[in-house]
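In what follows, chain A forms one complex with chain B and a second complex with chain C.
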Partner chain A sequence: MIKLIKKYTNFLVLFWSTSLSIELEYRLNLIVDIFTLVGNLFGSLLVLSLFYTNHHTLGGWSWSAALVVLGLFTTLEGFTSSILQPNLSKIVRYVQLGTLDYVLLKPISSQYWLSFRYFSPWGIPSIIVGFLISIYGVISTSNQFNTISIICSIIMIISSLITLYSIWFILATTSIWFVKVWNVNEVLKSILIAGRFPISSYPNIVRTIFTFIIPIAFLTTIPAEALLGRLDVYWFLFSLIISATLLFTSIRFWLYALNFYTSASS
Partner chain B sequence: MYISLVKLKRKLVKFTNIFRALLTSQYSLMHEYRAEIALWAISGLLPLIMLGIWTQSSFANFNGSNYNFFVKYFISAFIVRQFTAVWVIISFEEDNLEGRLSPFLLQPISPFWRYFSSHIAEQLTRIPFVFFILIIIFLGIQDSFWIPPFHTILLSPIAIFLAFVIRFLLHWIFAMCCFFNDKASSLERLLLIPYLFLSGLVAPLETYPEILRTAAYFTPFPYLISFPSLLLSGSIVNPLNYFMHQLIWIFILSIFSFCAWRLGVRHYSAMGA
Partner chain C sequence: MSNITVSSLSKIYKVPYRKPGISASIKHFFDRKYKLITAVDDISFKIDEGEIVGFIGANGAGKTTTLKMLCGLVYPTKGIVSVSGFIPKERNAAFLSQITLVMGQKQQLIWDLPPIETLKVNAAVYGISEKEAKKRIDELASMLELNDELFQPVRKLSLGQRMKSELLASLIHRPSVLFLDEPTLGLDVNAQLRVREFLSMYNKRFNATILLTSHYMQDISSLCKRVVVIHKGRIFYDGALTKLTNKLSPYRNVRIEFDKPQTLDDLKEYCEITQIDYAIATIVVPSSKLSFVVSYLLNNYTIKDLQVIETPLENIISELIRNGTN
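For the complex of A and B:
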């Protein structure tokens, strides 16, 4: 087992160092991306502040608490553009060109290879800035940190990353059947924007959809509540169950989908 | 004088013939990708998500008229956004990288019109899907149906079309960067930022602080979403001034895009040749 983990981490280092050297060819992108990040951040803060003018509030969340949600959302965006987008957007192409054959022949888990082969450094600034905003929000609500709440928060954040990854991977898997599936991810992305705000600021029906059908609540709101130290134990367990189920489903679904893969032009 | 007029007329007739042919061929192409376009239509949900938040926030509960304003505004913004979608940077970059641009340049009409007509064809294909989504919205959200006054029904499509032209020209100017840098698509993400926050897509500009709103109206962005949506929702009494601004922006941006095109083509060195 330890040998296996070691093997896979070695692969990860190799994968990411090669893709880093590819990406660094396009250094101009860094400047554009930093501009995009700064603009995005100021815009989001502006829109959020609109809800708080004249002592209004957003779904019962204070300004600093809402900042925690926004920060986590920014972090998830960085995670998406660093890992999910560069890898999972390519699956469609492998299926179209039939080069998925080569991936399947490699002596390594194909899901692992497809999910982590590429790494784009341009999401890192978002990840860092997002974390800083969340921490700022937590500190300014002035609640005491203890070891348990920190551990819980870290677990909740990991669980939200797993949830996000699994949803993306399940959708990307459907490209085995429908080659032109990439738009579905655009639809997903447009819905995930809803995670920018605390889930309680939506009307009841929408809130139910975002909790039980598209688990957006578990991406930002639940981890934010953990960071603020007010998450109750049921939601904690529920979040773990959701992420574990989705991860398991994504693995089974990928293996199931491979049964239908017939390669191209053969 | 007379001869040049005749010449001009002949040129114009030729141009309209070519453009009509382009449009019909692009329309049948887009019609093939109906399913894909339906998904694109669904992905324009952002105004509806914002509608959920704004009507739920204590802002809207303040008094009843606010609720109605937000509902009408964001449904209008949803419609406007559907018919002003622009992706010319992405397809231009692809055509440039894969060497398809060179044959386009040999054709007797500028490639500008090819992309322009494909966008219009896509909008025409979108119409039934937008209607379908609208019916769901009207059934799903209470008190959301309204019939705008007659002159608004006539003027709104014009405002939306002009908004589309502004946005298209803006993206076209940025697409010309593909001639100088292979990966210009990151510029699209950059362009999305002022569009998101200054156009009134996520919040009506009326809720912005005074200074910011005035500053925003000096940029072309409010004329992309805010003005057509306010018009469609019946909040603008005298739209003439706004229409003038739209035309001025189209004038300025077309000069820029013409220059950018000339500069770019001069720099062009056919990929893969």
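For the complex of A and C:
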């Protein structure tokens, strides 16, 4: 098992170093990307400062506590830009061009290859800034960090990343049948924006949908509650069950979909 | 010993179809109609270890589908396939480490980076140490006559250099079974020749089993002693290439240039004289009498030039398919 983890970690280092080499190949593009990134971050912080100057509550959450949710949302956005977007959006193209053949012929988990082959550095600042905002939010609520809340928070954040990844991968898998599923990515991104605010700030019906149908609550609100040290043990376990179930489903669904892969014609 | 065994293999695809026009499109959107297309229809063959077999047929004959079933990419509807003792559709890691698929019209090289970067990734994926990978890259690169090209971005390489780099990337794990789907597609004559020479060398050096599809008959005739002809998913012919040419092309055209005009009356009982134009004659000789007629000509006439014109393989194959269809 340790050997396997080591092997797949080595792959990751190699995969991501070639991805960075690709980014470095186009110098002008790199400069433009840096400008875009700085602009985006500046814009987000401006919006945040506007929020912060209004000391209201949102769905029972103080603004400081809501900042934790916003911070986690920013981190997830960074994760999406760095890993999900560059990899999972390519699945559609692999299926369309038939180059998925090359992935399937390698003696490596095809799901792993398709999920982690590429890495874009442009999500890293969002990940870091998101974390800083969350920590700032926690400190502002005068909450004390303790070991248990830190461990629970880390577990919940990992759980939320797995949940987000699994939903994305399941949707990308449908391209085996439908080939063109670009729109699905866009719809998913729009829905995730709902994770920017605490789930209790939405009307009851939307809250139920975002908890039990599209598990938005498990992406930001639940990990935020863990960071604030007020997460119920049942929600903790429920979140773990949701992420494990979705991950398992994504693996089985991918293997099932491959039975229907016809490969693009020559 | 058979390395590849295919028994009663079939593949049926469910393909959506509709009539032309916008109303048909709307109807099709709500109520999809499907048609069952038999891409491969109950085929069986065996290929021995180290053998190079040409897999030929028209577009849509079922060649690529068969190759993909042999690689485990496409699941068969019916039948049994065994490659090096493995069932391809299980896609066992040990199986995948023994095979490769090269597709002339698709590429795995990372477009923006030099081929060496793809080679490094592939070497790691196949569990080849850096030292061993370097040794193999050097060996294959010298066989393929690749040098600095490995360090230039793929997008800057010519089609021929790209194909050679593709071959290197596909063979770094030293597979014993090669599935080649039109590996010389679009290459110029020189590059085609290089690829053919390389494949022949690789086959000899590693005793690799090769199944090759190509529309360039020169690839087939120079590499394969045996061919399998497929048409509309069914096998039409499986056997020696020479037997096929002799069977379907029992005559040879011979063009002779004499030192002076000749009537060739003495040859009329052995061949048909189709044209005499001053000192140049064209005759049609049965394959069985070819050697006799040629030596007779050389012994009894002063000859400036003599050419035996083979029937192009393309013509032979289309003749075979036409006969079969009828």
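Operating definition for what follows: the second predicted complex is superposed on the first by the 233 of 266 C-alpha atoms of A that agree within 3 Å, B and C clash if a C-alpha of one lies under 4 Å from a C-alpha of the other, contacts with A are read in each partner's own complex, and residues count from 1 in each chain.
Here is the rule we use: contacts are C-beta pairs under 8 Å (C-beta built on N, C-alpha and C of every residue); 3 or more make two chains touch, one makes a residue touch a chain.
This structure is a prediction, so every number in the text was calculated from the model and none was measured.
In the superposed model, A:K189 makes contact with chain B only, not with chain C. In the superposed pair of complexes, A:E77 makes contact with neither chain B nor chain C. After overlaying the two complexes on the shared chain, residue contacts for A:N40 are found with chain B alone; chain C is out of touch.
Of the two partner chains, neither chain B nor chain C is touched by A:E225. In the superposition on chain A, contact is made by A:T262 with chain C only, not with chain B.
In the superposition on chain A, contact of A:P203 is made with chain B only, not with chain C. Residue overlap on chain A between its contacts with chain B in one complex and with chain C in the other: 26.
Residues 26, 28-29, 32-33, 35-36, 39-40, 42-43, 46-47, 50-51, 53, 56-59, 180, 183-184, 186-187, 189-191, 193-194, 197, 201-203, 206 of chain A are the ones touching chain B in the complex. Of all the residues in chain A, the ones that touch chain C in their complex are 7, 10-11, 14-15, 18, 21-22, 25-26, 97-99, 101-102, 104-108, 259, 261-263, 265-266.
Contacts from chain B toward chain A in the complex involve residues 33, 35-36, 39-40, 42-46, 49, 52-53, 55-59, 181, 183, 186-187, 189-190, 192-194, 196-197, 202-203, 207-208, 212. Across the complex, chain C meets chain A through its residues 13, 64, 68, 71-75, 91, 93-94, 96-97, 99-101, 103, 105-108, 110, 112-113, 117, 120-122, 124-127, 153, 181-182.
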